[in-house]
Each structure stands twice: as structure tokens, then as C-alpha cells.
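The next part holds the structures, each set out as C-alpha cells.
Both complexes shown next keep chain A, but they swap its partner, so chain B is in the first and chain C is in the second.
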Partner chain A sequence: MKTLIDFDWTVMAPELTIAGMAALLSVIDLFLHPNKDRRFFMWPTLIAIGTAIGFVATQWGKPAYQILADTYRVDDFAFVFKMILLIGTALVAVISYGAFRREKGFAEGEYYYLLLVALLGGMVMTSSGDLITLFVGLELLSIATYILVGMRKRAITSNEAAWKNVVLGGVASAFILYGMSFLYGLTGSTNLFTMKERLGEALTSGYDLYAWLALFLIVFGFGFKVAVAPFHMWVPDVYQGAPTPITAFLAVISKTAAFALMLRVFLTGFLPLFQGGGGTLVDEETGGRLLLTMAGLSMILGTVIALRQQDAKRLLAYSSIAQAGVILVPMATWGPFLFPSTVYYLVGYLFTTLGAFTVLMLIEGDAGDSKLSSFAGLSRRAPLTAGAMALFLLSLAGIPVTVGFFGKFYILMNAIVTGSPEHWAMYLIAGIMLMTTVASYFYYFGIIRMMYFRPPQRREGLRVPVGAMMVIGIAFIATLGLGLMPQWILGILGNLDWGAALSPVK
Partner chain B sequence: MVVTGESIAFFVLSMMAIGGGMMMISATKVVHMVLSLAFSLLSIAGIYVLLHAEFLAVVQVLIYTGAISILMLFGIMLTKHHVTEEDDQSPRRWHPFLSFLGVGALFAIIMGVIYQTPFANNEEVTQSYSLEALGKAVFKQYVIPFELTSILLLVALVGAVILAKKEADS
Partner chain C sequence: MSDFAWCIPLFPLLASLLLTMGARRYSDGVASLIASCAVFISAAISIGVLMETLNTVVPTVHHWRWLSFGDQSITVGAEVNQLNALMLVIVSLVSFLVHRYARGYMAGDRRMATFYAYLSLFTFSMLGLVISPNLLQLYVFWELVGVCSFLLIGFWFYKPEAKRAARKAFILTRIGDVGLFIAVILTFWQVGSFEWEAIFAAISANKIPPEMITLIALLIFVGAVGKSGQFPLHSWLPDAMEGPTPVSALIHAATMVAAGAYLVARAFPIFAASDVALGTVAYVGAFTAIFAATIGLVQNDIKRILAWSTVSQLGYMMLALGSSGYVAGIFHLTTHASFKALLFLAAGAIITMLHHEQDIRRMGGLWKSQRRIGWLFLIGCLAITGIPPFSGFFSKEEILTAAWLSGRVDLFLVGVVTAFLTALYIFRLFFLVFMGEERGKIAPSQIPRVMIWPMVLLTIPAIGAGFLAWIPAHGFSDWLTKGTGILAAPQGEAPGWIPLLTLLLSLAGVGVAWLRYGRGAVTIPSQSQSVTGIHHLLSRAYFVDDLYRWGIGKPYRWLSILLSWVDQQIISGIVSGVGALFQAGGRIGSRMQNGQAQTYALVSLLGLVIVIVGLTAGRWFG
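Coming up: the complex of A and B.
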């Protein structure tokens, strides 16, 4: 057996950078005068994330590598998801700069290093082949976000959000752990690849009910974590009560990390439960049925309830449920473009959602609430911001030349390709996706109508801080650029070795 | 089924564990909750002994029954605890019924699965799961999650402090 020294630990550099900076910031925080402004913590946070992005980039094109029986592994799957998480967190850190000035007693120093720790949890969730590490990563992300959600101590909505998040998130973690314990009892291993082999044997030797029970419990927990229906009840209240940058973090980074975890666990550990009778053929008669139901339900429920919202933050929360349903579609239908279509959509979702939440944050700071009516006349007060917001909403709705359109199109094609008369559920899910997309135009255009065709409530222009302006700019360029030239990123995604994530390192 | 001393001990201990948990939920005073929780955790330590996991049992008593319960009692003593347990006059009367239905269904499913599945009746050798093996597993194979857990604990501590701290300026 290899000893600890024999492994090449440099592959862990991104995680070590983030963890090191979080520790360093907590020490600096300790020695600074209590009344000193801690806004500048954003800079070290950004430096750490930038360094980590650099380290992740050096892993580009390298073969997969694992440490200590897959408790940590780097492969192309981890590479892509880590990039998404790092870029997303960097943007969240930038919009947080100075966003809490009016908040009395806000622990701003802690805010930044908790953000880093949450990011660390997310990164761990993307790069491990062992259930224990994956679960610890999930808890690291969850617990850090529970605290971040409740950091506006004086706002009653924030308290309520934190409370709901802790209780329901805790229940979800308990279900995941319960499912994992059944799985461990059945296979005797926490390693996903060993688990896959033994689960296949267990299915044929009379233990199939146990395997299904484990899958059921784990799906229950994962459903909460990625916020898909029917496990979505916590989403609107938590999204509304959390500080807006953290809402963006929950909607983008937490969700992406949870999807990475879900993909890895279902496509490796639980693979035998998703495979049909024909060996490699995957059909909805198996585990896919659960995912198809969840995807369809969240698209329908998210869209229908969003239609009735009068509050922009709640509207975006319900829209994020519908979006989660869309992201679940490739995983539920499989098909040849499973990974590229999921990742492409997630990249687009990252930029558009972050952009939309940044604009929402500015409106909220300006008007004091996040009602739809606060958007009235934005086009006259801040034409550029209004234009960017309109583009983000068009992208979320899936109108052509935006990244959202191509993402949806790609996912739809992937679903239709897998469909056949026997697999009619794939056509059904594609139909639901089309219908909910059309229905979603109504509420996305509601905000655009407010911005362009209603008189403003105030005359003076909207104050846009430099950080927020940069994030809106980056998100605007990415939303439009990736929509106009999808081949640029698809070329990269197509050349990645996705199979490396699904098989043990040789 | 053969009634041995072991199975009797198991039944008594598990009833105590479940009973402690139920008392913890239904108790209205915080001190009672902590005591029933400690009771429940102690019974679980007994179950560990039955499974020949002596080390785990000792750790369970030390950390859960001892340290955590005492910590909670200290927390209660040192903080205000006007436990004004308002009666649940929630307008939705069907809530308890629905929760009961959900929990009952989950219980039925899990029990059904457990009883329908054949279990190999051979006895497992527990001697190999020694303290040494545990140490090797935690500090060798699982050293990465182990270290991450320490960050997790730090985060939980920081979170507890900043959420509970009273600001100087208030």
C-alpha cells in the first residue's frame, strides 16, 4: 500500500489555497480593531480564488489522478465544475463589496471567510469518489450557507430564512446519510466504483429492494439540496430572507455543487439502478423515472407559481426551481450529450442568474424592497442596467441569441434524441419543457414591461457601485457572447474526457 | 427465535433509546429534553457494547452522554431560559394528521423492505474491527475527510459565535 508521502499532493493546491486563505482571514480578523471596516477582505478573497483558478487551470488536459482510494480525485468533470464554482464565488464576492454598509452589526470579516469555506465545500463535492468525503463536502457547504443566510441578524426575514434552511437542510442531510448507510450496509464500501460493482451483484441476488430504498432516500435528500419540486418548499422563503449576494450564491454555487454531487453519485455508485435490461441502454423504467418526475414537476410547479408572484426575489426563486428542473432533464434522459449539455446550461445559468440578482440587489438597495413595482421605469433611470437586466431575463426565458436559448435547445435536442416510441417519456419531458418555457415568458416579460413601460417612482438615477457594474458587465458579455458563439465553449466541453469521472483511475 | 440474554438486552436498550427520543420530543422543559436525550444516547452506548464495539461505546458515553449533555446544561444555566412554551394553537388542525400519515408511510416502507429481504444468518467476526484498525482508517485512508471535518467544526463554532453574539453598539 502506498503511504501518504507517495501521493502527488500538489493536485490539491486549489483546495489548499482556499482553505489557507480562509484560515488567514480568520486570524487577520482577530487582530484588527473591532470597529475597522472589513470591506477590504474582498481583495484577499479574490486573490485566493484567482490563485485557485490558476491551479485548477494547470490541471487542464492532464489524466485523472486520485489520492487515498479515491477519497480525493481530479478529473475533467471536477475541473469543469470547480471552474464554475470558483468564477461564481468570485463574482459573488465582488458584488458583496460594500453591500452591507447599512447593516448594523454585520460580521463582514466572517462573511468573506465563510464564503471561502462554502466554496471549499463545493469544490470537495466535485472532486471525490468516496461517499464520506462527498458528504463532508456537502455539509461544509451547507453549514457555511446556513450561517451566511442568517447573517442579517436584525432582519426578521433573515432569521426565518436561516431557521428554515437549518431545519430542512438538516432533514435533507439526515435522509442522504440514511440512504448512504443502507448503501454501505449493502455493498460494504464507501468507494463509488466498488459500490457500483457490488450493487450490480446485489440487484441480481435478491437485495434489490434495499438498493431502491437507498436510492429513494438519497433522491429525497438531493432533491432538497438542488431545490427541485416536490422538495422546493424552503426555497422562496430562504431566497427572500437571505442577503441578496447570498441568495445568488445559493441559486448558483450551491445548486451547481449539488448537481455535481448528484451526477457523480448517480452515474457511478448508483449506475446499476439506472441501467435498463440491455446492459448499457438506459431507460426511464429504472431510476430515471424518479428523476423524470422531479424534473417535470419542478418545471411545472416553478413556472405556475412564479406567474403569481408580486415580489421579484420570490419570482426569481420560483424561476430557479423551474431552471433546476431543466438542468435535471439531461440527467433524467441521459443521451449522448449528457455532460456537455448540463455543463453548458450551468455556465449560462451562472452568468445570467448572477447578473439578474446583482441588478435586483441594486434595486433593493435603492427602493428598500424587492417588489416588482420597484422596477418601474428603470429604463429611464438607468438605461444600461435596465438593458442588461432585460438581456438576463430574456436568457432565463430562453429567447434566441442568448446563452439560455442555446442551453435549452441543446438539452431539448438531447432529450429528443433519446426518445423513441418505447421511451415516450422523453418526448413528454421535452414537451413539458417547451410548454413551461413559453409560459415563463409571461413573468419574465412582466419585469421587462415594468422596466420599460411604467413611469419611474423616483426621478434620480440609480446608483451603481463599480463592483456591481463590473459583474453586470461580465455577465452581459458572457450571456451574449456564449449565446452568439456557443461553439467556443462547446468545443472545450466536447474535448473533455467525461468518461474519466465514471471509471477508476488506472 | 431463540431468546438469549443478548436479545433481551438489545430489546431493553433499544426501547430505552427510542423512549428517550420520544420523551425528548414531547417534553416541554428544556432540562427535561436534555436529560431524555442523554438517556437515549446512553442506551445507544449500551447497544454498541452488545455489538462488541467497546471503544465506540466508551467514546459515546464520554462525548455524547457526558460532554454534550453537560454543555447543554451549562448553556441552559448561563442563558435566559424563560421557556414560555406557547401551546400550539395552529389553525391547521390537519397538520399533525398529515405528518403522522407521512411518518407512518415511511415506517411501513422501510419495515416492509427490511422484512422482505433475506439476510444471511452467518455471524460476523467483529474482532478485526479493532481500535487499531479504526485509527488506521481514520488517519490513513480517510485523512482528507477527517481534516475537512475539523474545518467544519471551526465553521460551526464561528457561526454559533457570530449568530449569538450581542453587538457592542446595541
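Coming up: the complex of A and C.
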């Protein structure tokens, strides 16, 4: 029996760095004068994230390692997702700098260390090999974001959003816990790999109904967290009410972490339900069909409802529902490029969405609202910003030479390769993806037309702070660069040991 | 020279980047000069490359590995073969001339540098499309030209029609692009490669099931239909005339819209392997040709007449390709690019002279005062009509021969009738604009020289390109097909009466137009003149005129009104119906979004229950 000391704790260095800095900042916050400007918290936040990135980078290419009684795993899967989460949070921190200066009663100190706590939760989620760590990570992320959404204390929309987020998030957590309790009852274990073996047995020995019930309950909760239909209802209100950098955080980091969780749980613990264990009532295709249904519904609902939105923030909220549907497609279809295509899309989605939300934040600060008409004439007022925004929108729409095109292409390839006359659902989902992509041009191009084909409402240029400019620049380069040279990231993804995520460390 | 072919598209790209970055810094003249120089270099290299392909017929391909995809690596690169060497020259030359012309046409526009940036970006994309050695790269550039077209149609965004047209163009062509995209994916799935060479090799080795070849070919054709404005995705093209005239000349006449025909030609071995696909191409092309030509008869906007004519001529190219007339299709693409660009530029000159008047009912009598433009326009008209020795005669004759030899008499007849209609509508336009008395009160202003000489240069191919067919011993078609394994034309001996028939019909069309519109006797807009005296009735000319009017003119007018109606009501109806459907769906979705958290949780729960029941119900009861 190993004791706590025997473990190689260095593998936890990224998490410990983030946790340490969050604790440190909260203490510093206590001792600072209440009126002191706390914007400089961004710098320690960035330093912590930078250090964590450095630590994560050292784990590159190392064999998988399990710690804390096999509840915590450090493998290539976790490596990739942690990188995405860390980079994403760093960019969110940068655009937050000074974004709330004029807001009364805005606790800027708390803002930054809650961001770190949320990030920590996300990192725990990507690394968990056990239902307990998984739930702890999930709640850490969720609770931190509940507060972050309501940070603008004086804004009624922000309060409403926070309240809805808490209630509905709580419902989702309850469903997940309920499902987990069934799982524990069936398998007597919370370890995902042990679960996998015993769930297979449970399926063949007459307990299949409970196994499926557990899956459906957990899908309800996970569906909430990744914001796919029919569990998407909270998204527009919360996204609209939250401060825009936090909306970006929800749309990118929360979602990515939840997808990592979903992949882990479904491909390890629930694997028998997707690969078939010989149930009587429900066959093995049901698991995949469940995900296919959710993916298809999200793409259709997200796209169709987005057409009617007059508010850019709500529009992007619905678009993120549709995007979540796309990201779900590889998981639903499997296929040879399941991991690389999902991760590639997530990386692209990270930069594109963050860039778009940054521009939206600038517009919001300038016009006082996020209406579509506030984008009018942006190409005249700030040509470079407008050009970047146009590129982000093209990428979200999936037009070539952007990362979004290649991501969609990769996912489509993956879906079509798995299809066959017996598995016609793969063609169906590919068809839905193409149809909704075309329909989505209507609203993405609505914004582009606003920016380029409408006269500006006012003359003076748009004020672009240095931080936001940097983030837009990075997002621009990444969106274009990864679209032009996908090999750069595909090379990395191709060399990773995805199988390690699916099997326990001996 | 072929070794440097890959850098042909890069010069316009460089110019575009330069212009975008310093849009406010450059004066109009400098911006124009930068863009024109870049395109000129591209054109010079293209000509060099074309010269080289005259001797070496082996296609030169340059690859760079772009990414690995499973165990396949995907490359980007540049390929030079006879077809795309020819296309490179057409695109870069027309683009260069249009670049120069635009200096005069766009003079005074505050966003001249932006205009040139877009125009150069388009040239880059189009050249990139042409030079692509694989289907994926072609698709990428295919989309890029679509985006450029969108930007340029909507360039005068303060006109609501321009904004609408830009959106319509983008959406309609996108519908076609989705077809092409599926074809790209299916091809990769079947062949395991995007390279043209590999695809053709797989087809000739019978590695792909025939029905799959048909499906892929049809999907590629869907893409071509969208881009080339073929029925039923054609209606964006006439609307696209809201863009500046140089754009109409370059993009919506000579190059981008011809990309559809180019794509079919490029992918010709795929089409050749499927009779269904070839037949579809031929019938869609033929129908579009006659459909658009009849509509062209009743339009009154000078640019719209030319736009309908473009749609019709592109239909001719498709008809040729679908009838296995590979060389005929490409030949017509070449000649059309020159004479249609000429017609558009001349029309632009007329529009400039008349202070942006586009309605031909308010033109007329310009021959007296504007003899120079008149001659240029007349050359274009003669070329498109197919009067020898102008270029259109030769290519049209080859198309009709191909249609005849392919054994489809119905298509041949449609082609013949369209040739007559073409002559009719184009000379109706010519006579109304240049003959008769001056109807508008607008005083003509002078045309700057920078707009004249590009047109003068374009007359050279508009007159001379047809003689490519006279190069001894089938030189042109042998050169074009050498090493490709493609038959130049359907087997068989071409009947000698086809050129004669083409010529007679074209002359008849011109004659009818003259009788009806040319003598200045008919005043516009009065459509019918009452017949008063017996002298008039005895007048044979009047009789023929009347006969044509009641026998051909009216029915065609009715037909074209009917077709216009079909176009306006049914096609547009379907398009807006799809939009309305989505809108209605959105309304219901929005209503459920009532802000109540309870409702949200309930909807989610119900959703889950419905999904579960949907997935498992069959097993509970079955």
C-alpha cells in the first residue's frame, strides 16, 4: 500500500500552482484597502497560468500516471485539455483587465481568484479517473461560475442570470449525482475503469434497465453543462446576463471541460453501453443514438432560433449551442478520428469564440448594448477590428482557410467514414450538419453585413484597449494560421497516446 | 517558366494585402497602379507558362505537404496543364484590363483603394482556383471567390438593392457549394486522395462503383450550377449587376461564373464515366441557355440583358460539355470571356457617358455621337451573335456540332433556336441604344482614355480567338486533349450544313431585330402600332415584322413573361419559403424562451423523456 508521500506529486504541479495562487490572491485581497484598485491581480493570475502551462508542458509525452488511489489521472488526454483550458483562461483574464472599471461595487479582486478556482475545477475534471474527483471538479467549476456570472451586482440582468444559473445548474448536478448513485449501486465502485468492467456484467445479468437509467440521468446533467439541446434553455439568458468575459469563459472553458468529462465518462465508465453488452430492452446502438439525437437537435435548434435574434450576445449564445452539437458529433459517431477531430475543433472554437466575444465586449462598452445594430459601420470606425470579427464569423460559419472550416471538415470526414447503409444515421447527422451550416450563414453574415454594408451610427473610432487588441490579434492569427496550416496542431494530436485515456495504468 | 507557376496567384495577393493595410494612405492612382502592376506580372508569367505548354504537354505539378490525414497526406501546390494554362491567361489578362479600366470607371469613388484590394483578392482566389492540383484546394479557393464576389457585389452598400443582391448571391451559390463539398468528401472517401491524377486513375481502373461516380459527378455539377448561374440557381446572377460594372465584367461575365464550366471541364473524366451525369449537364445547360435567352428579350436594363446573356452562354458551355464536346466547351469559354468582357466594359462606358443611366428605353441614337464606343460594342455583338469571322461563330458552331454528334436532336434544336434568340436580343439591345433618335435628355460626357484602350485590346481576341479552330490539323483540340485521355469531341463526321445553319439563323436574328427595332420606326415604349393603310399591309417588310411579332415575338414574349414569372414567383418563392420556414421555427423556439427557470427545467426534462421514449419505445411495445 502506497502512502501519500510515495506518489510523484510533481504531476499535480499545475493544479497546485493554480490553487496556491487562488489562495494567495484571496489573502492579499483581504489585506488590501477596500478602495485600492485591484486590476493588477491580472498579472499574478497570468503568472500562475503561465507557470501551470510550463508544468503541463513537462508532462508532454510521458506515460500515463495515476495518483490519489487512482482517482486522478495524468495522461495525454488530460494534457491536451488542460492546455486548452489554461490558454483560454489566460485570454479571458487579459480581456477582463479594466473591463469593469466603471462598474460600481464590482469586486475585481474576487473576480480573478474565482476565475482561477473555476479553472482549477476544469483541470480536475479533465484529469479525473473517478466519479468523486469528477464531481468535485465539476462543482468547483460550477460554483465559481455561478458567482462570476453574478459579479455585476448592480445589474439586474446579471442577478437574474446568476440565479437561473444556480437553480438550473443545481438541478443538473442533482441529476448527475442521482445517476452516479445508481452507478455505484450497480458496480460497487466509483472508479471509472472498475465501473466499465462491472457495468458490462450488470448489463448481461438483468440490471440493464438501471444501467440505462443511470446513463440517461447523467446525460441530463452533462447535457446541461455542455449546453446541448434539449438541455440548452438556460444558455441564452445566462450568457446574456453575465459579464461578457464570463460569457466567453462559459462558452469556451466551461464547455471544453464538460466535453472532456463527457468523453472520459462515456468512453471508459459507460463504454459497455456504447459498445454493446447484450441488453434485452435496449440495444447497444441506443447510447450512440442518444448522443446523435442530442447533437442533431442542438444543431437544428441553435441555428434556427439564432436566425431570429436581434441581440449579438444572444445570437452567439444560440450559435454556441449549435457549435456544441457539432462537437458532439464525433463522440456520437465514433470513427478513427474521434479524439483528434474533437480536440481540433475545440482548439479552433476556443480562439474563434474568444475573439468574437472580445469584439462583442468592445462594442458593448462602446454602444452600451449588444444589439446587432451596434455593429453598424464598424468597418469604417475600426477596420482592423471589423476585419478580425469578419474572420471569426467566417470561421464559425465554416468558410475555408479558417480553422472552423477545417474543423467541420474533419468532423464530417470522421462521420462519413463511419457511415454505411446499416449505419445510415451517420449520413443523417452529416446531412444535418451541412444543412444547418448553410442556414447559419444567414445570421453570421447578418453581422458581417452590419459591419461592412451599413453606415456607422457615430463617427469616432472604436477604443480598443491593449489587452483586447492582443487577444484579438492572437485569436486572428490562430484562426487563420490553424486554418492554413492545420498540420501544426494535427501533428501534435496525431502523436498523442489517446488509448492511454481509455485503459487503467497497470 | 512552369516552375514558377505557383507564384502567379501570389502577386495579386501581395497587392491586396498592401492595399488593405494602407487603404487610407494611397492615392487613387497609386492604389490602381499597385494592383495593376501585380496583375500584369501574373499575366506575363501566365503567358510564358502557356507558351511552354505548347511544346511540353506533360502536366507539371508542384506539391508541398500540407497535412496528414489518417495515413494520407494532403498536399497543396500548383499544377500546370493545357486547360489551366489557357485559363490562367484568360483570367489574368481580363483581370489586368479590367483593373486598368476601373481606374476610369471608379474615378471619384472614395473607397478606390478598398475596391482594388477586393479586386486583387478576387484575382488571387480565381488564379488559385485554376491552378489547384487537387479538389480540396480547389474547394478552398472556390469559397474564396464566393466571398470576394459577395464583397464586390455589395461594394456600393448604400444601395439597398446591392446589399440584397450580395446576400442573395452568397446564399444561392452556397447551396451549390454544399453539393460540391459533399462531392469532395465522397471523393476522398472513395479514392483516398484529393489529387485529380489519383481520382482519374481510380476511375479508369474501375475502383469506384458506377453509381457512386454518378453521384459524385452530379454533386460536382450542383456546385457548378450555383457558381455558373445555371437553372434553377441562376437568379442571383442578374441581381449581381448591382455591383460596379468592372466587377460585372470580370467576375460575373468573364471569369468567376465560368468557373462552373471550368470545374466540369477539369473533372471531365468523372463526368465522362457516367452517362447520366453527362446527360444532366447537357439538358440543364440547354434549358438554361434557351430559358435565359428568352428572358433577355424583354429586359430593359442594359446590364441585365448582358447578365441574362451570360447565363444563356454559360448554358451553351454546359451543353457542349454535356454532349462530350470537351474542346467546344472550353473554346466557347475562351471566346465568351473576351467578347462578354468587351460588351460589359462598353456598356460601362455607355453608362458612364449617360451619367449612370442603365435603361435602354432612355438611350438611343448614340451611334452618331459616340462612333468609337459604337464600333467596340458592335464587335462584341457580332462576336456573341456568331457572325464570321468573329470568334463566337466558331465556338458556337463547334457546340452545335457536338450536340448533333452526341445524337440528341432535341438538344441540337434548342441550341439552334437559342442561337437565333441570341442574335435577336443582343441586336435589339444594340439598335435601341445606338440607332433611332436620342430619347434621353442626358448630355453625353467624355470617356477617359484609360477606359478605352482595355476595350480596344479586348477586340483582338473577340475577333481573332475563333481562328484557333483553324489551326491546321486540329491543332487546338489536339493540344488541349493531348495526354489527358479525353476525347476532343464526340465521334463522327460533322455535317457541313451546321455552320451554314448557324450563320443563317444568326443573320435572321439580326434581321428581325433590325426590322423590329433598328429602323427607328418603332418608338419605345409603344409596343403595337395600329395598321392604317393598305400600303402598309402590302409592305412586305411590315408583314414580316408583324408575322414575327405575332408568330415569334409575342409567343416568346409570353413565354419569357411566363418564365420570368416562374423565376420570380416559384423559384424566389421556394427560396423565401425556406427562409420563412426557418423563421417560423424560430418564432416557436423563441416563445418557449420565456425567461422562467421552471419552464426551462421542465422543457429539459420533457425533452429527455421524449428522447428516451423515442429511442426505446419500439422495444417496449415490439
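Annotations for the structure displayed:
Going forward, the second predicted complex is superposed on the first by the 497 of 506 C-alpha atoms of A that agree within 3 Å, B and C clash if a C-alpha of one lies under 4 Å from a C-alpha of the other, contacts with A are read in each partner's own complex, and residues count from 1 in each chain.
Following the convention adopted for this analysis, a residue touches a chain if its C-beta (ideal position, glycine included) is under 8 Å from a C-beta of that chain, and two chains touch if they have at least 3 such contacts.
Predicted model only: the values in this text are computed from it and were never measured.
Of the two partner chains, neither chain B nor chain C is touched by A:Leu86.
In the superposed model, A:Arg454 lies in contact with chain C only, and not with chain B.
Legend: residue contacts after superposition of the two complexes on their common chain; A:Glu110 is shown touching chain B, with no touch to chain C. Ranking chain B and chain C by residues of chain A touched puts C first.
When both complexes are overlaid on chain A, the residue A:Tyr441 reaches chain C alone and has no touch with chain B. Residue contacts after overlaying the shared chain place A:Gly137 against chain B, while chain C stays out of touching range.
When the two structures are aligned on the shared chain, A:Ala52 is found in touch with neither chain B nor chain C. Contacts of A:Val265 after superposition on the shared chain: neither chain B nor chain C is touched. Residue contacts after overlaying the shared chain place A:Tyr207 against chain B, while chain C stays out of touching range.
Shared contact residues on chain A (touching chain B in one structure, chain C in the other): 212.
Looking at the complex, you find that chain B touches chain A at residues 109-110, 113, 116-118, 140-145, 148-149, 151-152, 154-156, 158-159, 162-163, 165, 167-170. Put simply, chain A touches chain C in their complex at residues 163-164, 167-168, 171, 212, 216, 219-220, 223-224, 229-231, 233-234, 236-237, 281-283, 286, 289-290, 293-294, 297, 301, 304-308, 336-337, 383, 387, 394, 399-401, 405, 409, 412-413, 416-417, 434, 437-439, 441-442, 445, 449, 452-455, 485-487, 490-491, 494. Here chain A touches chain B in the complex through residues 4, 19, 22, 26, 34, 67-69, 71-72, 104-105, 107, 110, 113-114, 117, 120, 124, 128, 130, 132-133, 136-137, 139-140, 143-144, 146-147, 150-151, 153, 162, 206-207, 209-210, 212-213, going by the rule given at the top. Those residues of chain C lying in contact with chain A across their complex are 20, 23, 65-70, 139-141, 143-144, 147, 151, 154, 157-158, 162-163, 166-167, 170-171, 174-175, 178, 181-182, 185-186, 188-189, 579, 582-583, 585-587, 589-590, 592-593, 595, 597, 599-601, 603-608, 610-612, 614-616, 619-620.
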